[in-house]
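Below is one structure, written out as structure tokens; comments come after it.
Letters A, B, C and D mark the chains in the order given here, with residues in each chain numbered from 1 onward.
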Amino acid sequence: MNVGFVGLGIMGTPMAAHLVAAGHTVSGYDVVPESLDKLTASGGRAASSVADAVEGAEVVITMLPNHPQVEHVVLGQGGVLESAKPGTLLADMSTIRPETSLEVAKAAQEKGIRVLDAPVSGGEAGAKQAALSIMVGGEQADFEVVLPLFEALGKTIVHVGPHGAGQVVKAANQLVVGGIYALVSEAIVLMEGSGVDAGTGLDVLAGGLAANRILDLKRESMVQRRFEPGFRIDLHHKDMSIAIAAARQAEVSLPMTGLVAQLIASARAMGHGSLDHSALLKVTEQLSGRA
Amino acid sequence: MNVGFVGLGIMGTPMAAHLVAAGHTVSGYDVVPESLDKLTASGGRAASSVADAVEGAEVVITMLPNHPQVEHVVLGQGGVLESAKPGTLLADMSTIRPETSLEVAKAAQEKGIRVLDAPVSGGEAGAKQAALSIMVGGEQADFEVVLPLFEALGKTIVHVGPHGAGQVVKAANQLVVGGIYALVSEAIVLMEGSGVDAGTGLDVLAGGLAANRILDLKRESMVQRRFEPGFRIDLHHKDMSIAIAAARQAEVSLPMTGLVAQLIASARAMGHGSLDHSALLKVTEQLSGRA
Amino acid sequence: MNVGFVGLGIMGTPMAAHLVAAGHTVSGYDVVPESLDKLTASGGRAASSVADAVEGAEVVITMLPNHPQVEHVVLGQGGVLESAKPGTLLADMSTIRPETSLEVAKAAQEKGIRVLDAPVSGGEAGAKQAALSIMVGGEQADFEVVLPLFEALGKTIVHVGPHGAGQVVKAANQLVVGGIYALVSEAIVLMEGSGVDAGTGLDVLAGGLAANRILDLKRESMVQRRFEPGFRIDLHHKDMSIAIAAARQAEVSLPMTGLVAQLIASARAMGHGSLDHSALLKVTEQLSGRA
Amino acid sequence: MNVGFVGLGIMGTPMAAHLVAAGHTVSGYDVVPESLDKLTASGGRAASSVADAVEGAEVVITMLPNHPQVEHVVLGQGGVLESAKPGTLLADMSTIRPETSLEVAKAAQEKGIRVLDAPVSGGEAGAKQAALSIMVGGEQADFEVVLPLFEALGKTIVHVGPHGAGQVVKAANQLVVGGIYALVSEAIVLMEGSGVDAGTGLDVLAGGLAANRILDLKRESMVQRRFEPGFRIDLHHKDMSIAIAAARQAEVSLPMTGLVAQLIASARAMGHGSLDHSALLKVTEQLSGRA
């Protein structure tokens, strides 16, 4: 397929390369010139603008940091909606608040452009290994069109509902992940504060109803206080903001999420934004006078 | 071994039966006469008092509702410490606050009685199937003495540290379990409030970093609002109280635990105390006007 | 002074009338035609557009619901910045997130327009009685220019700091007010749940260190469950969103604020959005199974 | 009146002296011998035991640190209930959990002893200046008997309800006070983190609906980071534990209280237990990386 790809950052660069490798024609754009060099090196074409990237594309993929960039690139002057021909399918793979995905879908419809929101989880490692989970919101027919592209990028690809649903599921995922980090941190601090070896204790937890993937993957590094990312606190901070916005949009009340968001904000405020999200433990330690 | 067993409730009755079946001599006592009939039916001896149950025992096991009962049965007049001969080993398998376990250990030492705290997880089903997890605090040598008995009761049996450590690990387990229920509840309410099918969404979560045993075992029943226990809200409410007391004892600050405790208290206050702890979802729904 | 006034809602209409009464020339605009009739009735001039209202004005006042409206009216096509002549002073009295106030200030500077953010508290009653509190951010010299206008609108008028500072202080005010409502609600539910007469109990609280204006003004109505507004939950819900955004902008962590925001969201989700913010009590009651 | 007084600490010593000064005969006891010297110096009689202090007393006052001491002194061997003659009136002025007050009332009734729970607020300064607030639970007739004694000790003396009601109102007071400190701390950190002068901002808050006595008395010292007590974090930590226990006893859910309790626990864990409770600000600062 002819694919326009806007947003060639840490995630977008390997994703575009996978599409090329899978036999697709990729025309990409990013404001950072070095990103374009990487694209050309992997066999894509460096476009000179969003409009240039979009021209002739059957599918446009956007992979951008947050909603202001999506608003600019998709809805702005010279953006995707202005540039793409009717019938084009836009898959926005950025993680943004559902509200913006709905605005994009509405604006696109007026231009005859079809849209999917398709945020991913799995991080940089998932992008490089084509092992992302992709949560897709929008029309089933459109999902089927893009599925071959997504299969070049990820392993778990699920159509979860209408426009915005992908973002909602991503937000739900991130609030659960952030919350489990906070809970495991409290378990560790409680055990250590009681003179109990946290490693031994977490082994027990990992064998019962408290078992979870974070315990499986991170309990050893957390007990040893190794926090190299992985997925950075800064990014999880952004994602909690999306979860809070999604709750507001859905008119629901999520007290645990509200507290987790502030604890992750604390990790960032304490200067740990570039550490792995498991560094939430440092906040719990600080609160308990154990830092 | 000669075992004295005090506390023949829902948990204690099948546990005592397993010990008899494993070839041990069990002399048991409970304030409820029917419990004694069950014990005799399974081959144990019905004692007429705590003192009678304890007499001649090498190991005494207590399995009681909460710390006041432990204080009464162990420390009180005619209790275990008054009745047992020096050298007896007391394994208190009740789930109580660590503080009381430490008091018991201290008082026992003065009488020459050895003590382990050995709370369990796995619930009634685990007790019946001899599949409990047992978290043991106390001396390694004492742990080894009791291990053959514990092996007749459970599958995962871990010596986690000094006196009280079993209770601390149990408390850590329960705060993580309660917290994950609250987080999964918020994920469900967010998705449903956004018009997203929660079952589909949770399937995605269960395949990524948010994966946890509660999602594995309970997501279907939670989405369908089936809340037959399992482990009752009332019991988890008691356990959260222990977690809060353990945090106070350890002089640590656990904000997530503090909030989870109040949410579980809410489930109970709303009248759901005898439902499964997954009924925490009903609180989140109520908060979001979706009940 | 020649004043352009955009936003003639529940707050703006009486404010514009006060300015006319104080001898100023007011040219006003609102998208709702009836608002213009009220302005003419009180002696102002009905403008046909933002640009028309702004023309010839020395000071432009905007009083709008939230940041999207401010962005549209001030930054948008045909908006204040496009229409006003250099040297005009814009006083945005809307309650919005500080981030937008800073964006407006920056954009205005490029056009040679001076800006103050000047949110108010005191609600509809304060607007009608010219008894608002006005928290002003921006340059001292600009504050002095507008002070005579503000003195026609309010009683407590304080220059609290640079651009955005007015919004920050308003956000701080609202988080404290919302939080005190939540705390008083918990005090009431605790007392009633314990069989203690809450009215008597709150009288004692009002005489000690717990004393606060909300207890003074609202304890009787709260105990009697009278929740006619006053200041609506819907508006406080919006203001808590601003407080959360302000915290994010300031890179601070505010766990109490995070929780209060979700409790107020709950009041709204339960259908109490048009009740007084003291109706937060209904959430606490619901959580405690006492609704 | 003949008064037995048990518990001559920081609070009890000046209280006993006020009773002597008001013409009552006070026979006092404390485990700390120096306390007895102070009592004698102020004209009281030093008793040799609880039983000795209680002998011949019409009213017994206890002023003890927490519920274990009350259980020991009142319910224990040689305690008040064993020693006092039927018809004696026991006023327990300790701040303890309502549950214990109810247990004491029940046990006393069996001995024909009448009981009031009568915790105070106002701290050491209030005790010295006979300016305490006294919240009294129990029978109206008993309240009237003791009222002349209480009038020698405090200014605001209110019969708030049946047995335990005094403790409930005290708990409600302390949760509101602790919560307002947390909210004011968040307001300060938000303003300072936004580059706004917190002193100026709090002046505005103190003039509106956010006004409260803590702002009146403590905003200057908080902004200047002066935290000499006053009322110590350690004591407020104990009182929050009572509030949590009271909520559990009343079967209500208090999420704000749950969070405030953990934040105060954090202040203590960080080593600030002997500072004024306004030092809760240090926790908020730490969370925001501003310590």
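Just so we're on the same page, a residue touches a chain if its C-beta (ideal position, glycine included) is under 8 Å from a C-beta of that chain, and two chains touch if they have at least 3 such contacts.
Predicted, not measured: the structure shown is a model, and the values here were computed from it.
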{"item": "Touch-network distance, subunit B to subunit C, counted in steps", "value": "1"}
{"item": "Neighbouring chains common to subunit A and subunit D, by label", "value": "B, C"}
{"item": "Mean-CA-position distance for subunit D and subunit C (Å)", "value": "39"}
{"item": "Computed distance of Cα centres, subunit D from subunit B, in Å", "value": "35"}
{"item": "Numbers and ranges of subunit A residues touching at least 2 other chains", "value": "247, 251-255, 257, 259, 262-263, 266, 269, 287-290"}
{"item": "Touch list for subunit A against partner subunit C, complex", "value": "241, 244, 247-248, 251-255, 257-259, 261-263, 265-266, 268-269"}
{"item": "Residue ranges of subunit C in contact with subunit B within the complex", "value": "255, 259, 262, 266, 269-271, 283, 286-290"}
{"item": "Touch list for subunit D against partner subunit C, complex", "value": "98, 121-122, 133, 135, 137, 156, 158, 160-162, 164-165, 168-169, 171-173, 175-177, 179-180, 182-184, 186-187, 189-191, 193-197, 200-201, 203-205, 207-214, 217, 243, 246-247, 249-257, 259-260, 263, 284, 287-290"}
